[in-house]
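As written, the chains take the letters A, B, C and D, and residue 1 is the first residue of each chain.
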């Protein structure tokens, strides 16, 4: 038991912090927001080819560095600090998390290898138009007929879907003789697939909405997948989202601390007013708790991957916990950041609102806190039979 | 203590309700229910002229200035019916609710004659020159300056400085400007309250785009802007009292109109929840009930304020009012967004255009900031109502 | 429309404030807490015989002064300020509220007359051992057999039941040929009735638990009573409870304001720290809102009594609203009062804890906020059919 | 970064779990699961002597003082198993967790020899003399004074003054007293840290009855109380550093034991909710989940603190810890009471005796006050961790 970074992890963190703050500062972000991709593709090349972050946490068998979730969380945290809009979260944090739950197979491994190298990016299609969490929300179905495999349905809220090369789709498996779910890969250019970019409240990251009309160009990555397998992949993805939220909430706390240390009103630095100080203290409590939760959950993911049977329940708990705390916490911290900035906090030109909108977007992503709390209530045994007194 | 209206007052209610309904279902149906402050401004300015011509614009004012000498109860009734009809928020409200009452109360006859009727008739629109970049919540720290000059047009104030968070400045013909007119003064002393025409070379308006993508607020730059010497309300150097008086008018009948807007917002949230199933979620139901409770209480508190105002004494309810509604509406915004769910995150138009509920969510973040942040409001309540020690200033 | 006190009402308020603060201050309260009754019976004599407060809001027909709910609220507010434990709330605020909903009848009017004069006090028995709100919680049943009327069952959380002369019991009417509910009066001394005094967390006011075992000595005040009639009586009673809560929350705010204006820490009066000031400001917001709500609701009761059909819905709304706000608000204010007092705030010798406990007791009395919020949600139409778009 | 324990550590866990279970199911079954700090104190003192004899009392201490030189991981494990076994809260915790570590770290050999073994063996119990009536949250404002006197027994400190909120003073043999030993000093300078015997004529302990009806806390009056000159930890006049050091030990392994107590409390609430139906209420479920989340995170934060402590650097998590748990537990108390409902309001015994859930509800109101109010904690976080300006004092 040593719940602090190793020297290697500290080094990864330092490198990421330095790179991100130099190359993805606020000005770069504003520039990226004007582009079609919402991020700088050449920088993404650097990130994948030179820094190797896409492959960092993927198995060596698919060309990754074989490190774990803790290392991925470190990178995502640093990207969250900058509200980076590039595809690391979508392609590695989300899509690969599902792929890694599927049994190893040639097609799956080939795709993972492309993602690890950065040659391609994937986006995860797993929810319908209401943007809800859970298996019931899956809106795409896999059929098989004389023409072969066929996908129909709608997936929405597909993160980074507007720029992905491949969609990893969780589909209901309705083929004769099959049951449960299938995980399939579909190329962006597949016939019958319509990809609409959807501008969102969070301007740092648009969504895509996908319409599948008899899409035939389908690569089956895993068939007859158990619902729990999908859920576990999503749980790992929740930890990734939370890591990004952690970075962002820490950044907006830092931004606010620095603002109130300079802004003068009534002849005093406003950071000297208790109303301001104490709220910042409460924000810090939330951030520190988030940090504990994220890295603990990341460790649980690594434990789970080493021994899935023993640690499945713990993964479910940690994933729900971390998503609840970081979603509610980031929203709270970013909301307070606006308040403490006063008027400038809700202007378009200032970054506080960007954090707030990112908080809201990630609040709902893979399930809002209310949903996960209810999930925790079940895990706590509130519905179990009363013990005999 | 009585909460009912008399039959005569109920008849008055029926009268204004039917006129308003005619307008909102007839000639102005196109601007009914608009929530944004800036959307379709041209048509709304037309509507306010019609309102003024029909003498429904400022019914509490004396008849000779375009009002109806309406009683408090009648003003309450009209405000409620106005909002109930779905008539849009008033672009002219800074004139009808702040500038007008201030001039009526603190101005002289010359000023009343010049300014009140055009406000009542919807012919001249106003904005409020209070906040400055370095005095967001600290009005007594204004740096905008004015000096008297005797030029070819007689004595005139020449104004230099910058205001910020000036809402509706882009539509305004006039601005009431709080500025320092006595060199070397600090704090409340040496401040004057000037009425300044906006359509002149020395005034530049620059919209501030905000979190919603809209731009209700503006920066206003005064660069040698001019106004007549006689357009100073109260004595030069004694404008602080006038400026504070204006703020007191903010707690007038218009609060009831604001509440009807809130009511419409809550209703829209209820409808959305009923249509997407959120209405059956026990947590949402609790929050809906809480919102409803807060809204109702706001109405009761407003009626208390208004009733007390007629007896001449404002109580604690007046000082707590802003804090109450601002905190309430921020929560309403969060409820709206939770009801809307993920679909509410998607833009509805080509550019950055949001549906009503998410728009409310974002806009309401400003409620606890403008017009005195919640922090400032808590100071006011603690110091003025509870008599706790004043905050120490760093500079005097 | 004139939503402020009349001169007469101001006079009643001033008299009550003066009397209560002189005769029922903190020292008297501490003294009363040691007595069996929890209040001073001779003072209660003064209150009823000299000041006429018991009859103040009761109809002239039963010997009352014929004033309304606003006047009763004024008195209850002032009694709440002193955490007075005497029977005005129980006898007039609660029991009489139910009686006044029953049709005028000789037995009822005779009882009301006794209550108005202060010759007797009543307590309301309307809930069972779980202390829940609503008709389902009624735990006493009225039967009729060869021996005549018979009451069986349990009523608990009977406010001031340990000293009442008469119990006003809401019972399920199970007699042949009858339905709904019956309102009956039972003397404290009736055979088969067991009255247990129950010490409560709130030391200012114990409860009684009543066990009815074939109680025969029963006066039937109203038969075949509609459930809604009982509910409306309870709604009026909620307004009475809220009025008392208002007084208590204002008093504990005043107590705290005065404490922080004197207590020095770090060389400063602690009331000069924003953390303290701002919390007091928030407490005041709650109190002022409570004041608006209580007096509005009291006006609604008076309107309702003048014209029940027109105003029944408004009564239901106002009663739920005022109980929600004042219960949650008083609890919040009293909890903060303890916090702002620091260590002394949670000592037995200091009054802050008494207010906090009273807040909790009245929080649950006649229904906790959660229950009434759900009620409001129904009144708001959240369950109505969707309107046609 | 690793959260698992090694197989050896798990074997250690099994060992202490089985010993504890034997005790709690056997000879000490009568005191298992006691929540009140004062209830059945005699039996609990016996238990702590057994614990000391078996060398399970202070396993992290050096062997020669009665410990086991246990690693951090082993201490974590023992703390968890201790609470899991239902063993009652330690009457001796102020000795084992505060006085002992302070003496070990800041004391000299003479003091270590004299004091550590009796603490370890459960033979001497301690209390903490910090707060004073006029320095509730402001330790540097202590007024208790001590002066050196050369009497027949050699040089001795003579102490006069009053302490308050001294928990467990009624059982204590010794008190570590923060007092002013240099005339005319103010603030942190001139304070000394003395070890004072409680069983002497000059010391009077007066229990303070609190909101729960219990009396965990006391007033302690020093009226010419005496202790040897050599029982001053650190140099005379330099006790502030020692006093602050003691506070840092509060964030040690014992936090994990505290959390296990919290866990037991939450479990009791869950059981109650399941048996009275509250567990099916969606609002209660959300709050239960929230409580569970907060508790888990507390554990992770404690592990972070402890892991960091071994590398020598305490981070922000340590400064935020008190604020986190105190706020959390106050909410837990409210949840407990809401689950208990109205029946929880009724006393269960003859006098003012409450059931566990309502007791927790009342007691938890103190959590955000003692050991530094939430307001003080927020100052600490804001100033020390975020670097915001210090609060202005009125007196220097």
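Assorted remarks:
FYI, contacts are C-beta pairs under 8 Å (C-beta built on N, C-alpha and C of every residue); 3 or more make two chains touch, one makes a residue touch a chain.
No experiment lies behind these values; they were computed from the predicted model shown.
More C-beta pairs touch across one of B-D and A-B than the other; that pair is A-B. Farthest chain from chain D (centres taken as the mean of C-alpha atoms): B. Taking the mean of the C-alpha atoms as each chain's centre, chain B and chain D sit 54 Å apart.
The mean-CA centres of chain B and chain C are about 40 angstrom from one another, to the nearest whole unit.
Residue positions of chain C touching 2 or more other chains, listed in rising order: 269, 272-276, 278, 370.
Residues of chain B in contact with two or more other chains: 282-283, 286, 375, 378, 391-392. Of all the residues in chain A, the ones that touch chain C in their complex are 273-275, 278. Remark: chain B residues 131, 134-138, 141, 164-165, 208-211, 213, 217, 276, 281, 283, 337-338, 341-347, 351-352, 354, 358, 361-362, 365-366, 368-370, 373-375, 378, 391-396 touch chain A in the complex. Those residues of chain B that touch chain D in the shared complex are 282-283, 286, 392.
Those residues of chain A whose C-beta lies close enough to touch chain D in the complex are 1-6, 9, 70, 257, 260-261, 269, 271-272, 274, 276-278, 280-282, 284-285, 287-289, 291-293, 295-296, 298-300, 303, 317, 321, 324-325, 370, 372-377, 380-384, 386-387, 389. Chain A makes touch with chain B in their complex at residues 129-132, 157, 198-203, 207, 264-269, 272-273, 275-276, 335, 338-339, 342-343, 345-349, 353, 356-357, 360-361, 364, 368, 370.
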